[in-house]
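Down below are the structures I want you to see.
In the two complexes that follow, chain A is the common piece, with chain B as its partner first and chain C second.
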Partner chain A sequence: MTEDIRAIIKEHGRLAVDVKTLKDDADLYAAGLTSHASVNLMLALESKFDVEFPERMLKRKSFESVAAIHAAIAELLKEKG
Partner chain B sequence: MLGRRLDLIEKARAIGQSVAGPNAGAVDKDGRFPAESIAALKDAKLLSAFVPTKYGGEGCSVGDLLSICHALGQHCSASAMVFAMHQIQVACAVRHAGSSAYFADYQRELVKQQWLLASATSEAGIGGDARSSSCAVEQSGQSLALTKNATTISYGAHADGILATARRNPDAPASDQVLVALHKKDYALERTSNWDTLGMRGTCSNGFLLKAKGTMDQVLPLPYGDISAHTMLPVSHLTWAALWLGIATDAVSRARSFIRTEARKKPGSVPAGAVRLAEVVNMLQLMKANVVACAEHYQAIADQPEALTAIGVAIELNNLKAGTSQMALQVVHHAMLICGIHGYKNDTKFSVGRHLRDLHSTVLMVNNDRLFGITASLLLVHKEDTTL
Partner chain C sequence: MSTPQATDAQKQYLQALLDKGLLFETGVDGLYGRSEVFERVVQKFDALVSKYGGKDGAEVLRFPPAIARKSFEQSEYLKSFPQLAGTIHSFMGNEKDHQALLAHVEKGEDWMGGQKPTDVVMTPAACYPTYPLMAKRGPFPKDGRLLDVQSYCFRHEPSLDPARMQLFRMREYIRMGSPEQVMAFREQWLERGKQLMGSLGVPLNIDVANDPFFGRAGKMLAVNQRDQGLKFELLIPITSVEKPTACLSFNYHQDHFGLLWPLRTHDGKVAHTACVGFGLERVALALFKHHGLDVSAWPAPVKKELEL
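Let's look at the complex of A and B:
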């Protein structure tokens, strides 16, 4: 799943650096993620994993790193069963 | 009432009535800084009202600041806007000082010296997008240098300090910003543009090339993205909305006294504009309810960093700014129709031309189209609140 997430970040995150150079816990906002780009990222993630982010996840922290995104998606997939 | 510190609010009201109001016409006409009002606010120690009591301030709430902005806005828009913009900077320094010894001292000095703080977020080539910078902090050891081509720094020439946004370092992306608190002695300002505008003339918001030197401890510890979401954006939209409501309230007060004068001339008959006045008072009530609700919501979550970055909160605060600016303009437009030629003339007690001109700035200072654009994109993932 991490590879899929990284591919989506690469395509939609509009980061200033290659996501490959970032560790899983690196701060994506410091790497140039804007709130506008994070919306596109969310939409792409929803489409790829067939989930919908509930309101409680729509905050800065949920998308601050590859690891945070991974945790959010894993939680939603688990809820879906 | 939103503000609880009636002592402070009463002082502001008195300054509005006896100092800001009587000078508002000249401040507007000559496009000059409202020096008398700001001096009176300094004398009353209101510039440090938000600083915690442990540093010598009044430790007032955001709600108190809004009541003060609202009180000043009823007398002089420029004085109210200068006060609001100053308090936005103070709120960032107070709320995000962290454990920094430098910013603890900064707050003590702010109280003692009654510094007036200005803001340099806008930058040439970037427009109104406060979340992007092109200039960068250049560090060498513990020293820093910063050069910013700032398109608009309100009262820049009259301030004792400026808080400027910049990229964290020359290699950082445009959105990885910090906020630097610069003192007057740290910088030179070279004026790059005039401020001969339709309204808000007394804010003296010229463009400046800012060239500063300082030390790294002048950089607020938290990334600007967080400062913006936790404090700068909410407190900006709230204080602005409160003072715009104040301007609209004064226009309605003029329209109401016009109607009353008419009614006295012909007792027994309801003046022609009375129904329009009823409509306008309805709009004023909606605006006020919106300001109060947003302020109470913000105050309830102000110390919960995560809750403050929720998309729903960003939408609520953008709507407050965009909605209040549009409605305030409509209200004053109606007030002018009610007062007729007496409202249109600049020299009657029913004049509302200045109110109207000042309020035209509201839709531009962070352009509403930009805000609606941001909200439109957030709505692609946000779900509406179905509770009451």
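Let's look at the complex of A and C:
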């Protein structure tokens, strides 16, 4: 799943650096992720994993790192069953 | 995301303004004529803003209340506020089309379907025409840019709340430069704004805020905006103490517009931008609410401050 997430970040995150150089816990906002790009990232993640981020997850923290996104998606997939 | 229903207090205040002849109905909610007295208050307040900000040496720019459609598209306004935008359409047909148009109108049928989009879009916020202009001028001087604009703005949110007009005036100072320059500007105006409005004898407080972004993506943008403290509003109770009205706003766009246009600082970096906006009609409405509909009976210090 992490590789899929990284691919989506690469495509939609418009980061200032190559996502390959970032660790899983690196701050994506510090790496250049803007608010608008994080929205695109969210929509791409939803379509890839066929989930919908509920309102409680529509916050900055949910998308702050590869690890945070991984945790959020894992939680949504688990809820989906 | 739709326009909130007007409360009874809002409707009553609108009726009082109409009865007093300060505003005039046009048949469309949120679209009003202004009386001489109402205009005088707006103009005097506008002048008071200049008294506070005029010494900073801002470049004064005035635009009609519309921008080029191309600039509008580039601004990505549609990503955030598609529900508020107003596009201008015109008849572009031949004589036959003209006859059909008149027949539709005469029969009370839909005649708008044949209208074609022009290259003009209503200005959504007074600062929007400045970004393409500043981008065209190239990298900023070392001090960045400081601009002074005032324009009618359009937002499609018909309402009987007089403080939610579809066409209203916004005065703005806009700062473009390094993050430090831009943040210093916003801090300065937060203080000035409090002082300026405090001198007019209205109750106020400042609070963190968010723009009315559209949809689920908008929810996220709004939360982001709040989390990062990007928008503050100076609120004055007009028709509700619990839900006071934003009369001034202090907005830090970070590098959002800098990346879009693009805007560059003197050393080639992506510029940050911020603006302070004064809702001129809203301030006038707050003054009429707190000091009464009869300007001659306003407190002497307020009249003196506004030179009324």
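Note that the second predicted complex is superposed on the first by the 81 of 81 C-alpha atoms of A that agree within 3 Å, B and C clash if a C-alpha of one lies under 4 Å from a C-alpha of the other, contacts with A are read in each partner's own complex, and residues count from 1 in each chain.
Everything that follows uses one rule, which is that contacts are C-beta pairs under 8 Å (C-beta built on N, C-alpha and C of every residue); 3 or more make two chains touch, one makes a residue touch a chain.
Please read these numbers as outputs of a predicted model, since none were measured by experiment.
On the superposed chain A, the positions of chain B and chain C overlap enough to count as a clash.
In the superposition on chain A, A:15 contacts chain B only, with no contact to chain C.
Of the two partner chains placed by superposition, chain B and chain C are both touched by A:43. Using the contact criterion defined above for the overlaid structures, shared-chain residue A:7 touches neither chain B nor chain C, since it reaches no partner. Legend: residue contacts after superposition of the two complexes on their common chain; A:34 is shown touching both chain B and chain C. Shared-chain residue A:55: touches chain B and chain C both. The partner that reaches more residues of chain A, of the two candidates chain B and chain C, is B. Once the two complexes are overlaid on the shared chain, A:71 sits clear of chain B and of chain C alike. Only one of the stretches 22-30, 40-48, 94-102 or 184-192 belonging to chain B has C-alpha atoms clashing with chain C in the superposition, and it is 22-30. For the contact definition in use here, the residues of chain A common to its chain B contact set and its chain C contact set are 34-36, 39, 42-43, 53, 55, 58-60. Residue ranges of chain A in contact with chain C, taken from their complex: 34-36, 38-39, 42-43, 53, 55, 58-60. Note for the complex: chain B touches chain A at residues 131-132, 168, 172-176, 223, 225-226, 229, 306-307, 309-312, 314, 374, 377-378, 380-383. Chain A contributes residues 15-17, 29-36, 39, 42-43, 46, 53-55, 58-61 to its touches with chain B in the complex.
The part of chain C that touches chain A in the complex is made up of residues 76, 79, 216-217, 219-221, 223-225, 227-228, 254-256, 259.
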